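After this come two complexes, each holding chain A, first together with chain B and then together with chain C.
== the complex of A and B ==
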């Protein structure tokens, strides 16, 4: 059965996110400089950190896919990068709102983190078009993995280059003159980071479970109603395991082959 | 080592010679890149409304023009292999597949060097305010490092895109963001050289960033290129 432990993860995420928001609004002290708007920090920074880590994790999954030829790693790499892209947009939006509130502009070029975040977004936004323009699913998975590895290595390098190119004006909540975040803020921040990371893991698990369930359902329908009754999938950027008429995954991918699991 | 080295490099050299010969017999990418860059300088003249440029603006105009011209070359890099069955030839031959990557990156590097020999001269005549001569040695270093970045990333992206449906769309949308750090470093490194009041010193920080980029992406592209040539 797919989606094992999904209910527990959902409940944990719900509790963590709710508790974090309660802490952010009722426990964390107001920032002396920035006032209430500083609270967006508890969303923006964890989202940004999780996004960048997820891109690197996506690259690691892609490398595992190329190493083992197991298509389940391609599925994981795809899903992680997919959700990370959504997080990336969220990070850009919250960063932009914070910039408007702090400096009066929606976009600030001398803000290295925001700029590198945009460049990383522009690069990873091409992941889906690249996949979409390759029809053969096996080649799609292979090429996407090559891209994901290059792009994953790009993330830290890009930060080095952009950071070196700009002056430091980011609101340094971590490094104030008093020597860092006050204890209560640091505690809330760690809670927020954990909640946002849990939410990320939950969204990934849901997408993986949904895709596997869909493939299994299609395989079952084909067995019951015959191959003609199930309309073939159109071109898609998403990985497609176990679809007839499309090349079957290599030997390593058998464990996660829904058509075989059904038979 | 000394007697093994030639045999390991020989396939790459043969493939490189083939590319250079093709380009000499039927020039395609190099003249297109040349015309494109000179036209872009004319466009920059009108777009910026300036007769001369210097400093960061000059470095930006030069590096962005070279980057866009390189995209043309990257688009064409594997077309002969794709259309005339060169991929099958390489796969059938008892050679390492990365030999093709080395050869293509070297070919792109040489094309870019050739284009820049004319483009930089045209830039100095058409747009550059200060004299080119004092900046030239430093500029050569920056351009060589930039060409290396364009060559390794270009060869990989070209191989990635050549067998997709939207080949000429995939190349620029993937290559441009991926080359952004190299462009930042090259433009910042070249800026003090092209200052209006005489060439400044070469900023080593930016050369280091550019060198790091070349190293990381060179090794990475060399490692993953194999997987693009399997069927």
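== the complex of A and C ==
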């Protein structure tokens, strides 16, 4: 059964995001230094945190794929990195708007936090072309997993390196010697972080359910109408979930999807 | 709602409000674009499923007709 629990997750996400937006505008106090502009913080920072965590999660899924050879981990790694890239773009856009409002510039090249976030984005932006360039699905999954692990390991290293940098203008609001966020702001921030993480989980669930349904439909079409009724597969960056012929799983790989068993 | 608005801090819609609105609009717009893409994919799958359903029904009708003919011959 695909998409199990999607309705409950969708409702929870909608409630969480709506409540968070209400808290941001009606409960969180105005920042003494930045004033109303600081409201961007409740979108920008959670999006950036979820993005970086998602890259690490994608790397963990990729490691599980290499360890077990189970295709479901490759699919999960692919989807998590795919949605993290969308979040990364969101983080860059909202950050850029905040920078313009706060510093008067859309982008500041000598600011390590901004540049490092851009580098992480550019690094993971090569993940899709890498997958697309490899036709054999087994090799595609393996090479992509190796890349995801290496790039995922780079994320925390990059984060620590930037935190260690002395010259920065980017604000530090957590665990600083000058004190963190006041209670009400911290509460709204935690709510925002949870809502944006829930939204991420929801988008991943939808994407995984859509991909699995697509492959199941393909397998069903072949069983009902014969192989001639199924259009030949083109080259794709998305993982192949089971198809005899060009994008079939290797003999050593374990079938992880009913569609594979069916075909 | 009016109580909520009364309790809310002043919403300056000048210079700062423009940027805050832009950030939140970008966030919602990107998510909506993604949802629209997902909806298009879902529609495509729905069409394919309807096609498969029609094929199964046609096959079942054909089988039923053949069974009726065989029964009549007996």
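Just so we're on the same page, the second predicted complex is superposed on the first by the 237 of 263 C-alpha atoms of A that agree within 3 Å, B and C clash if a C-alpha of one lies under 4 Å from a C-alpha of the other, contacts with A are read in each partner's own complex, and residues count from 1 in each chain.
The working rule: contacts are C-beta pairs under 8 Å (C-beta built on N, C-alpha and C of every residue); 3 or more make two chains touch, one makes a residue touch a chain.
These numbers come from a predicted model, not from an experiment.
Engineer: State whether chain B and chain C clash or fit side by side on chain A once the two structures are superposed.
Structural biologist: fit
Engineer: In the superposed arrangement, does A:220 touch chain B (first), chain C (second), both or neither?
Structural biologist: second
Engineer: Once the two complexes are overlaid, how big is the angle at chain A between chain B and chain C (Cα centres, nearest 10°)?
Structural biologist: Nearest-10 rounding gives 140 degrees.
Engineer: Can A:11 be said to touch chain B (first), chain C (second), both, or neither?
Structural biologist: After superposing on A, A:11 lies clear of both chain B and chain C.
Engineer: Would you check which partner chain A:134 touches, where first means chain B only, second means chain C only, and both and neither mean what they say?
Structural biologist: Only chain B is touched by A:134; chain C is not.
Engineer: Per the contact definition in the header, classify A:153: touching chain B only (first), chain C only (second), both, or neither.
Structural biologist: After superposing on A, A:153 lies in contact with chain B but is clear of chain C.
Engineer: Between chain B (first) and chain C (second), which, if any, makes contact with A:190: first, second, both or neither?
Structural biologist: neither
Engineer: Give one of first, second, both or neither to describe whether A:44 is in contact with chain B, with chain C, with both, or with none.
Structural biologist: A:44: touches chain C, not chain B.
Engineer: Minimum C-alpha distance between chain B and chain C after superposition, to be given in whole Å.
Structural biologist: 26
Engineer: Would you tell me the residues on chain A in contact with chain B in one complex that are also in contact with chain C in the other?
Structural biologist: none
Engineer: Show me the residue ranges of chain B that touch chain A in the complex, using the header's touch definition.
Structural biologist: Chain B residues touching chain A: 156, 160-161, 163-167, 169-170, 173-174, 176-178, 180-181, 184-185, 188, 205-206, 209, 212-213, 216-217, 220-221, 224, 227-228, 230-231.
Engineer: What does chain A use to touch chain B in their complex?
Structural biologist: Residues in contact with chain B: 66, 119, 122-123, 126, 129-130, 133-136, 138-139, 142-143, 145-147, 149-151, 153-154, 157-158, 160-162, 164-165.
Engineer: Quick check: in the complex, which residue numbers of chain C touch chain A?
Structural biologist: 4-5, 7-9, 11-12, 15-17, 19-20, 22-24, 26-27, 30-31, 34, 38, 41-42, 45, 48-49, 52, 55-56, 59
Engineer: For chain A, which residues are in contact with chain C within the complex?
Structural biologist: Residue positions touching the partner: 21-22, 25-26, 29-30, 35-37, 39-40, 43-44, 47, 86, 89-90, 93-94, 97-98, 100-101, 199, 203, 206-207, 210, 213-214, 217, 220-221, 224-225.
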